[in-house]
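Okay, so subunit A shows up in both of these, paired with subunit B first and subunit C after.
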Partner chain A sequence: MTNPATLPYDAVLLPLSRQRGVMGALVAGEADGLIIASQMQYGVEGDAISALAASLYRKARLSAAAAGLGSVQLLRLEAEGGHICAIGRDDLVVVVLADTRANIGLLRSTMMRVIPLLP
Partner chain B sequence: MIAAPDVGWVDAPLRRFVEDARVIYALLLHPTGQVLGQFGFTRRVDIMGASALAAAIHATSAELGKELDGAPFRGLHFAGASREVFMAEVSPPGASYLFLTVFDVMTSLGLVQLYFRRLTAAIVAARPAPRAPLSDVQLEQDLTDHLSLVLGRAPASRPPYPSS
Partner chain C sequence: MSDQIARLSNELARDPSSLVFLALAEQLRQNLELEVARKVALRGLDRHPHLAAAHELLARIHADLGELDRAFEEWEMARQLGPARSGPRKGMGFVRFRQGRLDEAQRLLEDAVALDPSDESAARALAAVRNQRHQNGGGNGTGNGAGSAQGVEAGNGAGVTQPAPVLSVAESARQLFAPILGDGERTALLVDGTGLVVAGAYLTEDGHDVAAEIGAELSGVPEEAQRAVQHLGLGAWSCVVFETEVATVAMAPVHTRHLLLVAAQRSEPLGYLRRMLERCVDRADRWLAEDR
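Showing the complex of A and B:
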């Protein structure tokens, strides 16, 4: 059942979750790591990914600021079985979980394109 | 507040939670206020105050939940200026505990909730099985044995209790 409260986030999540190799995409609060809206494959532990990825993104942003590198644009974590990508705006963060089949270049450009659509 | 006996099994799951979630304080107690384990508090009076207040808040929110939702609320989150409080019920089979933690910007509510779920599972796994109530015969044997020990006599040798 569609949640009317999360409809504004569909424009952000659908272009990401429909890409090849993407196992899920979510929007979370950067400060609390709680999911606001998500499009996840069955069996993906969205709550855990949201909390950990949002924390990782926040710490990366703070590290970059402390190092005088400016703002973080996109964070990509490459693991043995896939990737976690995160991009933020204001106090929100968009997190994408993808396996090794994903086209990371396309995913990156899509994330950059949809981030201004965040409500 | 009454000190709870034999609660060492709480320490390992609680320490793991604190290390993973990076919280400042953590407290596990019975809903009555009896403390099972804690981390971060340095003064006994602080533990007593926190446990009494947590028990009171839990009782209040449970009643509020019954009024508004037909069932007790199981978790609460308060956000302060620099610190936040998360409180929730841990319910292993046959028991009920109250968990309270205080954290700051070093972690987040999402992480605290994530590791709280793992703490709950660890508590269920670590909790010793409740002891079966003593029968009249066992109670009398125990009383006799302890009396013998107090009086400096060796307890009478007898076969162990039958496992009920």
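Showing the complex of A and C:
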């Protein structure tokens, strides 16, 4: 399901949302977790994913910086039922929700490739 | 059995006098199949008794099994057979460090670094020993003072080394994951539910152990992970991996109340890091079970 707000972000979201196992991809503000643009499958709760993933990413970024590990680039949470992947730039975060069929290596490289395309 | 172990076993079966036993025993050691690794190494040594590398390998296996005196003897043998090798001195220094004999550890590691200045792990170990001695300075005397005092404190009767108990327990926890992590720039920590380090170490380049700070800072991440999977109905989380500018960090829950964290340089393949994480979780799991 596409909404008009995604148009400037299509170059980022489409290569991600078309991959096998991906249930949705979105761009959100890292600080507030609010969706800026999204490409979600019907029935997938974008708002909840956005808020939780942005919060997780932010926590990891702040913790890693405090621990002297430098800034976090890509984060992946693996669970029994799927994966949440997040990658950030400036104050934005790109989030992908995928099920267990996803090819994580391919998803990761696509996320690294599209992050510079964020408007 | 991994493909590589099967391949090496077949190769050794075809040619029992081959030096492939070194690679096979090392692979078994890394897979924590230590008794099998020991048998392979001993069989190899029967055929190649003057091979310094084989004695070094057997020493590492003994060390992983916690048999520090035997490990020291094998490293000593390797040192005699290959005086130009830095590995035996590094190993002997490691044993003395574990035994709390810091003066000796420092001397041996200084020799190892002098023999091979490019050996970063020896340099880091030396820095860690110096740092430990610095921290002990003015304390209970362990590792402080002349070398002759060390022998008395560490026990010299009947050839049985008796390390200072407190240091021994702490060091065994610190070294819990060392056999899995190997010599690369990798580290592993086991942190409890309150963010306190239970086992493992995180050494900076200058030898300072910053495990407590790292553990405390990163222990909040699992709460967020738990919240996310719960709300999204993804089931239990099994790991969080994040890639930073300087390192890749992977963490996984152990026994629900503990968190295991493995960090490696960015250049390490992600799949290998993941494998190390699984093996460290397994090790921590068994270690915590033994502790009960």
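Everything that follows uses one rule, which is that the second predicted complex is superposed on the first by the 113 of 119 C-alpha atoms of A that agree within 3 Å, B and C clash if a C-alpha of one lies under 4 Å from a C-alpha of the other, contacts with A are read in each partner's own complex, and residues count from 1 in each chain.
Just so we're on the same page, a residue touches a chain if its C-beta (ideal position, glycine included) is under 8 Å from a C-beta of that chain, and two chains touch if they have at least 3 such contacts.
This one's a predicted model, so the numbers in the text were calculated from it and none came from an experiment.
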For A:Ala64, using the defined touch cut-off, is the partner it touches subunit B, subunit C, both, or neither? Pick first, second, both or neither. second
Could you say whether A:Ala54 touches subunit B, subunit C, both of them, or neither, answering first, second, both or neither? first
Can A:Gly33 be said to touch subunit B (first), subunit C (second), both, or neither? first
On subunit A, which partner touches more residues: subunit B or subunit C? C
Just to be sure I follow: which residues of subunit A are touched by subunit B in one complex and then by subunit C in the other one? 48, 52, 55
What residues of subunit A sit close enough to touch subunit B in their complex? 28-29, 31-35, 47-48, 50-52, 54-55, 58
Provide the residue numbers of subunit A that touch subunit C in the complex, in ascending order. 45, 48-49, 52-53, 55-56, 59-60, 63-64, 66-82, 84, 97, 105, 108
Complex contact set, residues of subunit C against subunit A: 210, 213-214, 217-218, 220-221, 224-225, 227-229, 231-247, 249, 263, 270
For a test of understanding, state which residues of subunit B touch subunit A in their complex under the given definition. 105, 107-111, 113-114
